[in-house]
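There are structures below to look over.
Here subunit A shows up in two complexes: once beside subunit B, once beside subunit C.
The block that comes next holds the complex of A and B.
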């Protein structure tokens, strides 16, 4: 039985907790802006004054990057992976295992809270101002906005499940450095977060389309700028749902094995 | 104590640290693999970026790789010498910083010699591999003068990035925060300089040249070595890189010592 109210408490608590750590929120926003500056400058330089490249106008491309940075702010506002790994390393995770809730779900709902706080107090005001003052393209139809939000939310779930599954590998390996780096590389590149898939070499684009990462950034971004439209959107959402389900199963699988095999170091 | 004695002591202190790290053979190898993977990831991203567009602000793929490798090489040394400085806040908060003050050696030196991260071999393997590859592709002519200049500018890069780490750690004396400042300011700024500065707005270029002189870590020296132009800046400004490094590090050291004077133990 899914006890929504129990998990909702974690969401509320995490929201309030973020409100206390104001400095964290501001500093995260600062580094998000530096990366936006970096990718905005890179794409401006790549287009080098051209109106369009690869069938996409400069304005749309810039919008793609801004939306992408917004989403990466959203995806990066939850409990950091190292914090959970540290809990495994120190053995604190055993305290969570003893309590009557499901640990992966508990962290997901806590993330909802801290992400909501970050969006409301930092991301939304800033990016609204940016959309007003920069030459960016906004979707004209309200349906597109809703589809974008739905798609971004599914993307968030995909990212959470995969990231958590990788993080839980620290139950099996004491040092996960190499594996986690491969994951972050795949996530930043194959998700199309900084380079949209249509600029990839053909073979790599095909590969990325068969992987779950595109659901995190590429699909919502492409919906926003209208690169994906009409029935294609529904198809993309279907793909995202499929990957959300698949990555949830992966997380369940890893979690079941991990919690069986818990090795607490020291005591 | 004489400088020579300090050298001797440094190697004694770090060799203990290295031996400790090598006890965890698997973790050691994994970290190196991880570092090389993430640097290769950035290089692959650059390649895909330029797959359609050929050049970024008149820099080609191989030139950008070279620029990137200069930064990675000096960062490798920087990790060995200064990377643990960012964690000074934890020492202050836990009260463990006091042990660096009660011994008859310079506390700055003592803190610096506390740790020696061997995983930076990852940076060395990656950057040297790239240097060899790019030298063939661009048919770079490595004269003695050029090699010597590369060496000096790597030293400059170590001092600039190390200096910034020292300044960030000194902030902990005033604010009891430092680790976070690294991730907020220095980590993104380092990423910024993986790409040629010419693509950024003028104010940003100016800032990275004269306020926090990251431009002297890789952009200016690489422009000299690859004989590329640096618009808005005097030609061959890269030759000043070692000098900028020395000055910047001296300022950083002064700030750290100033903070140390202000330091009061948290007790408990």
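The block that comes next holds the complex of A and C.
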């Protein structure tokens, strides 16, 4: 039986907890803006006054970067990888086995709370202003907006499952530096967060399209700027759903082994 | 019917063997050898409902390992555990509803939320009804004085406040069994006393079974009638504390203040093991000589200003048992 009320309480409490760390919200927003400026300038320079490149107009490209930074703000507001590792190291996660709830779900719902707080207080105001004052492509059809939100949400779930699974690997490894590098590499490059997949060399694009990471940034973004449309969108959503299910199974697999290890080896 | 039943419980851990030197380091990259460490070997006991039992032993004796198996977060290597009719590791979430756990060394409250928010979260986790939640909060607030810090984030609480919050949190869902792991560690004398009074009260009034592990023998002495003493993963004593005191507490100390300070004090049946100015500490065995006989001996040659007789605290008895082994124990072990 899924106890929605219980998990929802975690969401509410995490929302309140985020309010305690106001400085954290501002500093995160600051670094988000800096990255936005950086990637904005880089792409402006790369287009070098051209109207379009790779079949995408400059305006759409700029929109892609803005949306991408927005999504990165959303995804970055959840429990970060290092914090999961820290909880593994201190044994906090092991102790949660003693509670009558499911640990991965409890963290997911807590993340909903902190992310919601960050979106409402920081991201939405900032990006609304940006869209008003900058020349960006906005979807004209309301259906596109909904598809974008759905796709971004599925992307969030994929990211959560993968990040949590990577974090839980510290149950099995003493040194996790290599794992962390692989994770952040995939998260920033293969997801298309800073360079859209259509600019990749053929083989890399193909590889990225076969991996789950594109579902986090590339697909919602491609929907937003109208790079894909109609049945292509539905197909992409299907791919995303497939990866959401697969990364969920991965998370379950790692978690089952981790909790098995806790109960056999004492964490 | 016992509420906790443990039979021939064992727990081994495989520990990676550290090779020394360069070659050893390279070797361990490829293949690692493991050594088996028996943390708990063949422990059995049963605890009745409403009992308050001290579970003690030196560091590394296997206390926490046993407690972890009782809470279900560790699976035994062999043997059986039953807590309230449930096998904890097979039914961890069900077991969780029957037990409350307090770790003195770490809080189980949410670090950056006001204390009350943690309580509300626990209310949802354990599905406590509004009515029961309010009743419990009222009771705990009254005894533990929670109201002075309910709105303070947990990270800003003093250790004493945090411990009070933690124990209240562990009892919100009316568990039948409470595991206390060093609940008074680091507390000042007054706070320790308050904590003990509270534990005693909930054990008396709510008939909650309490298992207490601690290094503070005063906790054990004031709270428990029964203690289980373990060392090297094995049970070495299980029974009434009074019996241990009776058996091991034959040694008494007579402290006398004399008017003059003699160079030494020779007594039949007693041994002066410490002196300070004109004060002497004399150890004697209660079975061999009585205090009054000793006093009579001293007054023959000296004038006594003041005197006291000290009973050994359970603390010194236990440390003697740890150090000297258990040669005298087998006759009193009730397994």
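Quick note on the criterion: the second predicted complex is superposed on the first by the 262 of 267 C-alpha atoms of A that agree within 3 Å, B and C clash if a C-alpha of one lies under 4 Å from a C-alpha of the other, contacts with A are read in each partner's own complex, and residues count from 1 in each chain.
Simple rule for what comes next: a residue touches a chain if its C-beta (ideal position, glycine included) is under 8 Å from a C-beta of that chain, and two chains touch if they have at least 3 such contacts.
What you are looking at is a predicted structure, and each value in this text was computed from that prediction instead of being measured.
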Larger residue footprint on subunit A, choosing between subunit B and subunit C, goes to B
Message: In the overlaid three-chain picture, which partner chain does A:99 touch, first (subunit B) or second (subunit C), both, or neither?
response: second
| said: Quick one: is A:37 in contact with subunit B, with subunit C, with both, or with neither? Answer first, second, both or neither. | reply: first
Check your understanding: For A:6, is the partner it touches subunit B (first), subunit C (second), both, or none of the two (neither)?
Key -> second
| Does subunit B (first) or subunit C (second) touch A:23, or do both, or does neither? | first
- Of the two partner chains, subunit B (first) and subunit C (second), which one does A:46 touch, if any: first, second, both, or neither? first
Note: in the complex, subunit B contacts subunit A through residues 24, 26-27, 30-31, 33-35, 37-38, 40-41, 44-45, 48-49, 51-53, 56-57, 177, 180-181, 183-185, 187-189, 191-192, 195, 198-201, 204
Within the complex, subunit B is touched by subunit A residues 23-24, 27-28, 30-31, 34-35, 37-38, 41-42, 44-46, 48, 53-54, 173-182, 184-185, 188-189, 194-195, 199-201, 204
As the complex stands, subunit A meets subunit C at residues 3, 5-6, 9-10, 13, 16-17, 20-21, 91, 94-95, 97-101, 262-266
Residue set of subunit C touching subunit A in the complex reads 13-14, 65, 68, 71-75, 89, 92-94, 96-97, 101, 103, 106, 108, 110, 112-113, 117, 120-121, 124-127, 153
